[in-house]
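Shared between the two complexes below is subunit A, which has subunit B as its partner in the first and subunit C in the second.
Here is the complex of A and B:
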C-alpha cells in the first residue's frame, strides 16, 4: 500500500476510476454499483438533485469513506485502502470550511506547511494564489472577520495552492451570492485545469453544469445514469432521467402514440413520424420537450412546428424570460419564451412546439435516436 | 450620563427588586469579609456592621502558620492535578463521543453523567479503604483521583458539546491537507475548542476546590486540604472565628481568578457545551 501511495504522489494529474463501487449504510443503499472512468486533466461535473449521491461519490474518491464493495483506482492503481492523507487530493466543501484559529495566510499555506516546503517558497506560492483569487489584502486577517464569499475563496485558494492531482469540489458556489457565483463559475475551470489537476465538481444546477462544460456524470438516486461530454448529453440525453436532471425548468414529459408513420399526443395534436423513429413498432412511447422548445411566439418561418392550445395556470416573468405553466388536455406543461408575455390565469393560449427539440423515449425511458 | 434616560424610564419599584436581591446575595460575603477583619472577641462580643477594631492579624496568621497555608498549597496541588488529569482524559473521550458511533455509545455517554448523581459520601468509604490498602492515603494524588470520579464525566460532557459545535468537515479538511490525526488534534482541533477546554477546566477546578467530604476523608496530615483545616471550629486556643473568616475569604480568591478567564463562556459550560 505504501508503495502505491509513494507512486501516486509522483503523478500530477491522474485518472479516477470507480470499479463496481457501491456504498450501503445501515442497510440503506446510498450508491448503487457504479462504474465510472474520469479522464486525467479533465473537468468533470457530477450533476444530480440533493441526495442523489454526489457528495458520497466525492467522499469515496477522496477516501473519506470506504466503498462497501468495489475498487477505486487512481491512474490504474488500486487506492481503495489508501488513507486520505496519502492520496494527494484537495477538496472544497459547500459550507465554508477553514481553520478557525489560523490567519488567512496560514489557512492557504497549511497544505504546503504539512508537505514540508521552505518558508520563502510557501510565501511566494501563497502570494501568487492570493493574487489570483484577489485575497492579497486579507492575508493577515482572521478568518472570522471575513464574509462568506471571501471565506470560500480562501478554501479554493487552499485547494489550488496544493497542486493536488485530484481536486474535488462539492457545490463550492452554492452558498455564495449571485454575482460572486457567476464570476467564480467562469474562473474556476480555468484555474484548476491550468494547474494540471483532474477536477470533479458536484452541482445540483443544470445551468451551472452547462457553463462549466467538460464531462458530466448524471446522478439519480445513487445511480450514475449517464456519463459523457456535457454538450453531447445535453443535446442527446441517453435516457429520460438524464433529460430530467438536465432540464431547468423541468422538462415536459407526456405519452405519445405512434401509428403508421404518425405520432400523436392523444387528444392534442399529431405530426409526421421522424426518420429515426420510422422502423420502430407502433405503440406507446414517451416524449420529452424542454420548456424553451414550447414558445409563445411564432418563431422563424422554416422551423418545424406544431401548435398546441391550453389554459394558463400560472405566469411568471423573470427579467426577460416568461414562464407559463399551463394545462393541456389534463397534463401540466411549462413553456419558456424570451421577452415579456403577460398572461392571466385561466386564459386560453396557443404555444408552438419545436419538433426538432423533441426527445423520444421508449416506455422504459431509453432515448431513441 | 448616557444612561440617564434609561434609568429614568425604569420605575423605582422595578429597580428595587434586583437591588434587594443583589444585596441579599452579597450579604453573607460581606459578613465573611467583615468578620475576617475583626478580632474573635469582637465577633463574639456583639453585633456590629463594620469592624470596630480593624485588624489584619487573622490574615497574618494564615500566611505565617504552616498548618494554615499548607492547607491552601495542598488543596491547590490536588485541584491542579485533578484538573489536568480530567481534561487530558476527557479530550479523547469527548472526541470519540462527538465523532464516532459505536456500540452502546449513547448509553455509555449517559452513564457517565449518572456518576455525578450519587453523593460523594457514597464513595468516601470505599475510597478510604482502597487508598489505605494501596498506600495512597493522605497523598495529593489520592484526592485528585477521587475527584476524577465526577470531574471526568463532567469534562467529557462539556467538551463533547463544544466539539460537536465544530463541523466534522474541519477534521476531514485537515486530513485532506495531509495532517495526521495527532497533528490535527493538537494544532487545529484543540485551538478550535479552546474556550471549551477552558470552561471544562474551570468546572473541574471549581468542583474539586469546593469538594470537602472526600478531601477530608482521604487526607490527614501530609496532604490535608484547606477545607479540612477550615472546618475545625475550635482549636487549642479556643474559638478562632476571625481566623476562620479570613480563611474563608481567601478560599474565594482562586475561583474568582479562574472564572475571570472563562467569564464569556460560563453559560455554555452550565449547558454542558450545548448551544
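Here is the complex of A and C:
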C-alpha cells in the first residue's frame, strides 16, 4: 500500500511556489524577492531579455542554486533545502547536453536506468518516446554523428522519458534552425503537458512565448513584473514593462496629455478620451502602441482611427511585412504593416493609429483599464 | 576523354616545399643512410656492406637491453604522468584568481632548459650534499643514485615526472575547461556521483587532448637524452642506458659509424611505427 502510494506521487505533477525568493551574489541582486505560484500540469513560460534572470529562476526552482532568502514549495511542501536529485525534475538547456559516448538509446534510457527499471520496461518506454520524437531510426547511432536538432531532440526525449514532475526548459530551441524550431514549438507544449508534467519554459522571444501559450511570467531585471494567462497579458499588459517585454518590434511609447475628455499627443493629434479613462484626473499619462497598430494602409471602415504624419527614417521589408521607422514630432516610432510597402528615407508619410490598440499607463507605468 | 590542359608550370609551386623538406629532413637523413649500408675508414673511402650493420645491431644483446630499458622507462612514466596529470587538472580551480597562479606554477618546470633540469636533479639527489639524497640517507634509507641501479631509476623517473607531468596537466585542464557548465548541472539533476561524472562526462570530453598528451609524452620519453646524460650519464654501469644514450655511446664513444647509423634508422622507425599504430588505434576508437 505504502509502495503504491509512493509510486503514484512520483508521477504526480507539482505546483511550484516561490515565496519571497531572492538571490543575491556578492552584493549584486540577481533576483528581487519573487512571489510566484505555478499550477500543476500547466505550461508556463518565463519571458524576459538576456540577463533578466530567467536562468537563475529556473536554477532556483531546480535546486541547483539556493535562494538567499525565501522558500521554494512543491505542492505546498517546502523543498528549499532538498537536493536536486531528490526533486524529480528534468532540465533541458540551450546547449545540446547528452552523454558524449553513449548511443542514442543509452542516452534516452539513462534516467530509467538510474531509477532502476527493468530492461524490458526500459526498451519499451524508450521506444515509445523515440517514436514520438521521430528518433526511432537513430537509436543505435552515436551521439557525435547526429545533427544539432537531433541531439536536442534526444535531450528532450531524456526529459520526457523521466516523467519528471517538473520539467525546466532553458531556451531549448534557441540553437536550432528555423524550421525545426517552428515544428518543435508546436509539439513541445502538447508533449510535455500530455506527459503530466508541470513545465517551465524560458525564452527571450515574445513571438515564441505567444505561440507556446499557457501561462507566462514576465521578467525584467530580476523582477517578475507580471504573471498570468499568456493571451490575457498580451492583450492587457499590467504595466509598461510587461508591454515592452511582450512586443517585437518594440512598442512605441509616448507622453500624452488628458484634459477635459480629450487625449492629445501634443503637437501631433488628439482624440476622444475612452470610457475607462474618463474618471482619471487631467494631466500627463503614457501611451503605448504596438507597431502593428500603426498601419500604412487604411483598414476596415468602422475601426476607430486617427492619422499621424511623420518622415521615414528607415524602411525594412521582412518577408510579407513592412517595418517603417519614422520620426514624428521629435520622437522615433515604428510601424508594422502587412504587405510590401517600399518607402524612401526622408519621405513624408501618413500612418493610421488604431485607437482600440492603444494601451494607457500612469506616469509610473501602471496600466489603466 | 580527358579535356584537361596540363600545365607543367604548376610544378613550380611545389618546388619551395620540396627544397625545404630536402634540406630539412631528406639530405641529413640520407647521410645517415649512406653510413648505414657502408663501411668507411676515413678519407671518404666507402665499402658496400649491405644489411650487415642492421643485422649486427638487431642481433646484439646490447641493443635488446637498451630497447627493453627504454620500453620500461616509457611505460612507467606514462602510467604515472597521465593519471597524475588528470588528477591534478581535476583538482585545479576552474575560475577565480588562483587559476593563473596554478597555471604559472604548472608551466614552470616546462620552461627550464633540459640540461638544467638534469643538473638540478643531479645536485638535488647527491647522497652526500644534495637535499634529497642527504635527507633520504639520514632517514636511514640507503640511497645512492651514482652506485645503485634502483636508486638511479627512481631518480630518473622522479625527474621526468617532475619535469613533464605539467604538460599532461595543462592539456587535460584545457579539455576540462571546455566542458560547458550545463553538463555538470545535468549530471547533478540525474544524481550522478563524482566518479560517474568523471567517467561518463569528463573523460570522454577529454579524450582528444589526452590522445595528444599521451602521444607527445610517448615520443618525448622515447627520445629522452639531455636530462638523463647530465643526471646519470647512463650509469651506474649500463643500468640507465636508454636507446638515445646507447646510440651516442656507439657513434661518438666508439666511433662505430656504420652500426650507429643503422641503429639510428631502426630507432627512428620504431618511434614512427609506434606513433602510427597508437594514433590509428585512437582514431579508430573515435570513429566508432
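Keep in mind that, in the parts below, the second predicted complex is superposed on the first by the 358 of 369 C-alpha atoms of A that agree within 3 Å, B and C clash if a C-alpha of one lies under 4 Å from a C-alpha of the other, contacts with A are read in each partner's own complex, and residues count from 1 in each chain.
Note that a residue touches a chain if its C-beta (ideal position, glycine included) is under 8 Å from a C-beta of that chain, and two chains touch if they have at least 3 such contacts.
Every value quoted in this text rests on a predicted model; they were computed, and no experiment measured them.
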| item | value |
| --- | --- |
| Combined model on subunit A: subunit C and subunit B, fit or clash | clash |
| First, second, both or neither for A:64, with subunit B first and subunit C second | both |
| Touching partner for A:89 - first (subunit B), second (subunit C), both, neither | both |
| First (subunit B), second (subunit C), both or neither touched by A:97 | both |
| Touched partner set for A:272, first subunit B, second subunit C, both or neither | neither |
| Subunit B versus subunit C as contact partner of A:142, first or second or both or neither | second |
| Footprint overlap on subunit A, comparing subunit B with subunit C | 62, 64, 84-85, 89-91, 93, 95, 97, 99-102, 110-111, 114 |
| Contact footprint of subunit B on subunit A as seen in their complex | 62, 64, 83-85, 89-91, 93, 95, 97-102, 110-111, 114-115, 158, 162 |
| Residue numbers on subunit C that touch subunit A, as the complex places them | 180, 182-183, 185-186, 188-191, 200-201, 204-205, 288 |
| Subunit A residues within the subunit C interface of the complex | 59, 62, 64, 84-85, 89-91, 93-95, 97, 99-102, 110-111, 114, 142 |
| Contacting residues of subunit B [partner subunit A, same complex] | 167, 169-170, 172-180, 183, 188, 191-192, 194 |
